[in-house]
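Two complexes follow with chain A in common, the first pairing it with chain B and the second with chain C.
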Partner chain A sequence: MTMADARRPAPAARPAAEDGARLGFRLTLPAQILVLFIAVFPLLMQLYISLTDWSPLTGTAWPRAWEYWNGFANYVDLFNDAKLWRSIWRTLLVVAIAVPIEFLLGLGLAMLFVDDFPGKKVAYSILIAPMMVVPAVAGYMFFMLFQSGGPVNDLLSWFTPEPVALAWLSQPTTALVAVIIADIWQWTPLMFLILLAGLVGVPQDQLRAAALLGASPAQRFVTIVIPRMKAIMIIAIALRVIECLKIFDTLFIMTGGGPGDATQTLSVYIYDITTQDLIWGYVAAIALAILVVLSLGAVWAMRRMVR
Partner chain B sequence: MTRSVAFDVFRFAVILIALVLALVPILWMVSMAFKPVAEWQATGAALTWVPRAPTLDNFRFLFGQSGSDLIVALDRKVGKPILSSLLSSGFGTLIAMSAGTAAAYGLSRFGSGANLPLALIQLRLFPPMAVMIPVMIMWAFLGLIDSWWGLALIYGIVTLPFAFWLMKTFFDDMPKEIEEAALVEGCSRWRVFTRVTLPMMAAPLAAASLFVFILNWSDYLIALLLTTREWVTIPVYMASLSSSMTGQLYGAKAALGLIAAVPPVILGLVIQKHLVRGLTFGALKQ
Partner chain C sequence: MSAIRLERLVKRFGAFTALEAMDLAIADGEFMALLGPSGCGKSTTMNMIAGMEDPSEGRILFGDRDMRGVPMGRRGVGFVFQNYAIFTHMTVRRNLDYGLRMTGRPAAEVGRRTEAMAELLGLTALLDRPAEGLSVNILQRLAIGRSAVMEPVIFLLDEPLSNVDAAFRAVMRTELKALQRQFRQTTVYVTHDQLEAMTMADRIAVMDHGVLQQVGTPLDVYNAPANTFVARFIGSPGMNLCAGRLTDTDRGLAVDLGTLGLSPPLAPALAAAGRRGPRDVTYGFRPEEVHLGPGGLRLPLILAERIGARTILHLGRGETTLRAVFQGNPDLPAGEIGLVPDPASVRLFDAATGAAIAGA
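This part shows the complex of A and B:
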């Protein structure tokens, strides 16, 4: 008999349910602690700092930030910060252009992949490769592609009489276009992957029956596929919207938010004022405001989905 | 569905175009990685899609061997950033998977920690940028700035939602009869978990770990804010491979990009069939 056996109480000593509850509590404990460590405590700290003018440059440790107390001034400033609002609109613009294109391209491709065809597996693997590429590396890829002497201009030159020497990343509009193209390249595969998984689950016999009854492909799509796919489409779009709102890595490597502030999205703006201006009290206020807005948005979205 | 030849041709053409578009940016980087300095910035008629004089100089340069046409010398070689990326992503995965698997089992079997699913989704919703001020302050206080272990800790927390959700769906799918049989045999709950459940879940555990590792390996922003010099990761180091003195070191950067891109692409193909489940927090199974 081993030590462990000796220590274990007789089976009847402790009811199984209680045993399970205790183990369950212990098993979830590490995750609970990590969540507290990253969510609750930092948020309280953030709230505190956001009510002050504190900055690491003051030389005071953060617990004494009250010496720089300024009440809700940071939150008032936030409404008058034209750069902040421009960065928010810019982010929304990127999301509004990139996500629908990704969705439509992904859906279109997924529909072509429902039936079997030779080479399907290889094609599938290649198509999802872009989303595996480290986003920072993808940023560098597109940085190279969009150089004025780079391959994009070289390809365009095949179709124009004069060689194209467009400096994509140095002009506000084209820089934004380039950034959006990079996002579409990297994340259309995600839409494709998720939507294909959904399409495969649409019962084929229903489609065949509808076809026999004379429904056109468009009718079949609207009356059978879309209702079946609704939840999955919402998941796919929601995932991409959430991630696209955070857009940073690829864009930052390609343009650094420039030229000027032409591609300065919300994350880039916060990064800039965090690392250059070092006004951390104000950054904390912006960050908290974003968290509140996003949480409200999420609650609203979930309510709607449940209904 | 009636399938016509025209449709097959159409599908073939569209998929071919999609494949080319997916591959060209990657292949351009591969090509650049093997180009000698002279071809880095060739434009117009001189622009080369395939290197005319392919060379390994860019890789040699990164690892500090001279003999290339590059006049500049690296003040820091690539070995340490690769080590940093490996250690921080690896141990971050270990933290996320340990805490995530345990919590997923606790919730799946005993209903403990019912607040966790929503809390973890919210954690994922937050842009990392929006919690970085307190994290930077805490990490500075704990002496974790510019260390791989500091990065590993934050990676473990950031990817915990994925580890938890993936493992929870795997546990939910697992038949409970075997566990119940072991319980009847007189095993304790803990013994059932470690000796029966976990071994049975070896394949899902491996897939989830690889998935979480890819996520950690892909980070740029967090490492950019939390490392400064000693333990910068590959993406941060890559951005430092240009300066006003040297200009862009196109080929060297491409070679490094290739080194960074290869592991996740291969691992991603290995766990292909779990990708949908992982990316949708288990909402969708393939």
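This part shows the complex of A and C:
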């Protein structure tokens, strides 16, 4: 410490620090207002509306929604809404089928791509192309592919004695299958990319050491690769689960949630009651409930991941 | 236990030849060091012995058994990696018993052998510690123990001391040699550090540019280098080499070293060998085996490094630079220095091929 520093009066430092804090506050004010406007304000608005029976059809502006105050009735209704629960179940079904398949395909492909082979770069580009396709375009593509006179049926006809003329998107089970196939096609590449990054990070020396100690490829995979990749695997799966729970665009263009409500996932259901029934107070309640549940799930997953 | 025989072993990577027709026999229980500068093919040779790479040509035999097509897990080879390749996500115990568990030995045997090995290596207290964050000497012991517990017939060590700082290397060398004596396995040790090779190995195989230069005991390689590469590579500093021409003098055969002057007369045996060979030779002598005085080479001093116990002189004229090492702190004459190589230490090499002209 120099003499000049020692002589500087200590109390003067504190107002300076306060000035700094105030300056920082002012500098970040635009950003804070923006966050308030796009995140906090809609959330509060949603909470407010969810406690009312307000709907745009009432003719009153939303700030006066208190005129239709109904307390927690919307949240009680939630539990008795069979269509909601069916859509949740359907969504979980899609996630439970699509994500594991994407994971296994992505992992398998990643393991192929760890080693060099001729044409690797071209194969790599082709493989990650689906991810680049706009979901709406992918939806339209699969809509065309799964028509009764479409290429999928033509392909299947090669292996069956009778020509196949299945109207995929018009039958409950096959429509769900088609939607899942489209999701797998589009999102396996992401899984592949993340897992490849993880796989490349597994130390080759350790794999060789394990092999020299007599471990079979399967044993090496279980004892070295999986423990080394665990964090990345969890991240990849968590990303896809969260995304897949929100599945909407591709699916909506392929089936619109139909036939009937066969592919009406949670997002589609919310879209339907928003645009058709216009019961926005109830919609707000559903959306808020989902947000809370997903946030809790995310916190739990994060905590496990850190450990 | 097992002997290793390499027969006309060749390894090519595309157009590049990493190893050229290598023949080497390693006896049962022998400690063989593969020594050479980086890129000389020593690690490639080792990887082929371990089965991590396939030879382009030639055979590898363990005892009488051809190893072609035998996967690395079945060769009975213990391999210690340069960075030890310890499974850091496991405990010390899980590292030690990894091979036993993977090959499906009964639990009682796994426990017994693991604990015996831990005892031998002084790792017992650490068994349940995570392998992450252990010190280097413990990692080294663990890496050796992990291989040794499988009772391999052959031990391969790939520059195990190159990550260790210089002060600790001496300790580790002693420890390694003691461990090898204990296990008595055939050991192949890859290194670019001649001190490690000289102190630990029974025999040294010196390699350069994919070609085996010489195989012999440490003293053989030091005293009778097979060619100029080995002469320069072994010893620190390496052997002095200067171009010259054999010349008859009235005191016997000597070497005319051009601007450096005339060498002292050659020892009788070397002179006899010299007369049978070519006239153009490379004259070599160890920097330690000279004395100051007249009657030898004369050249100016560039630098004298006085490091207490020893003094290293750097001398040179034109293209030729020589070094001389003296014990203590000798007084140096002013002007040019006269160096007299000890006749018994002088070696001659064919100037065209670099091969030694045997005489001693």
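Operating definition for what follows: the second predicted complex is superposed on the first by the 272 of 307 C-alpha atoms of A that agree within 3 Å, B and C clash if a C-alpha of one lies under 4 Å from a C-alpha of the other, contacts with A are read in each partner's own complex, and residues count from 1 in each chain.
One rule holds in what follows: a contact is a pair of C-beta atoms (placed from the backbone, for glycine too) under 8 Å apart; a residue touches a chain by one contact, two chains touch by 3 or more.
Not measured: the values here are computed from a predicted model.
Asks: Mind checking the superposed model to see whether chain B and chain C fit together on chain A or clash?
Replies: fit
Asks: Examine A:199 and indicate which partner it touches, taking first as chain B and second as chain C; both and neither are also allowed.
Replies: A:199 sits against neither chain B nor chain C.
Asks: Would you sort A:208 into first (chain B), second (chain C), both or neither based on which partner it touches?
Replies: In the superposition, A:208 contacts both chain B and chain C.
Asks: Where does A:301 make contact in the superposed view: on chain B (first), on chain C (second), on both, or on neither?
Replies: A:301: touches no partner chain.
Asks: If you stack the two complexes on chain A, which partner ends up touching A:223: first (chain B), second (chain C), both, or neither?
Replies: Only chain C is touched by A:223; chain B is not.
Asks: Let me test your reading of the model: by the given contact rule, A:37 touches which partner, first (chain B), second (chain C), both or neither?
Replies: So A:37 only meets chain B here.
Asks: Chain B and chain C, closest CA-CA distance after overlay, in Å?
Replies: Taking the overlay as described at the top, chain B lies 6 Å from chain C at its nearest C-alpha.
Asks: Let me check the overlay on chain A: which residues of chain A are in contact with chain B and also with chain C?
Replies: In chain A, residues 208, 211 are touched by chain B and also by chain C.
Asks: Sort out for me which residues of chain A touch chain B in the complex.
Replies: 8, 11, 16, 19-21, 23-28, 30-32, 34-35, 37-39, 41-43, 45-46, 49, 62, 108-109, 112, 115, 117, 123, 125-138, 140-142, 144-145, 147-151, 154, 163, 165, 185, 189-190, 193-194, 197-198, 200, 207-208, 211, 232, 235-236, 239, 242, 245-246, 248-249, 252-253, 266-267, 270-271, 274-275, 280, 283-284, 286-288, 290-291, 294-295, 298
Asks: Which of the residues in chain A end up touching chain C in this complex?
Replies: Spelled out, the residues of chain A in touch with chain C are 203, 205-206, 208-216, 219, 223-224, 227-228.
Asks: Considering the complex alone, what residue numbers of chain B touch chain A?
Replies: 1-3, 8, 11-12, 14-15, 18-19, 21-26, 28-29, 32, 41-44, 47, 49, 95, 98-100, 102-103, 105-107, 109-113, 116, 119-120, 122-135, 137-138, 154, 156-158, 160, 164, 183, 186, 188-190, 193, 214, 217-218, 220-221, 225, 234-235, 238-239, 250, 253-254, 257, 260-261, 264-265, 267-269, 272, 275-276, 279-280, 283-286
Asks: Could you pull out which chain C residues touch chain A in their complex?
Replies: So the residues of chain C in touch with chain A come to 50, 52, 71-74, 77-79, 81, 83, 85-87, 89, 98-99, 102-103, 146-147, 150.
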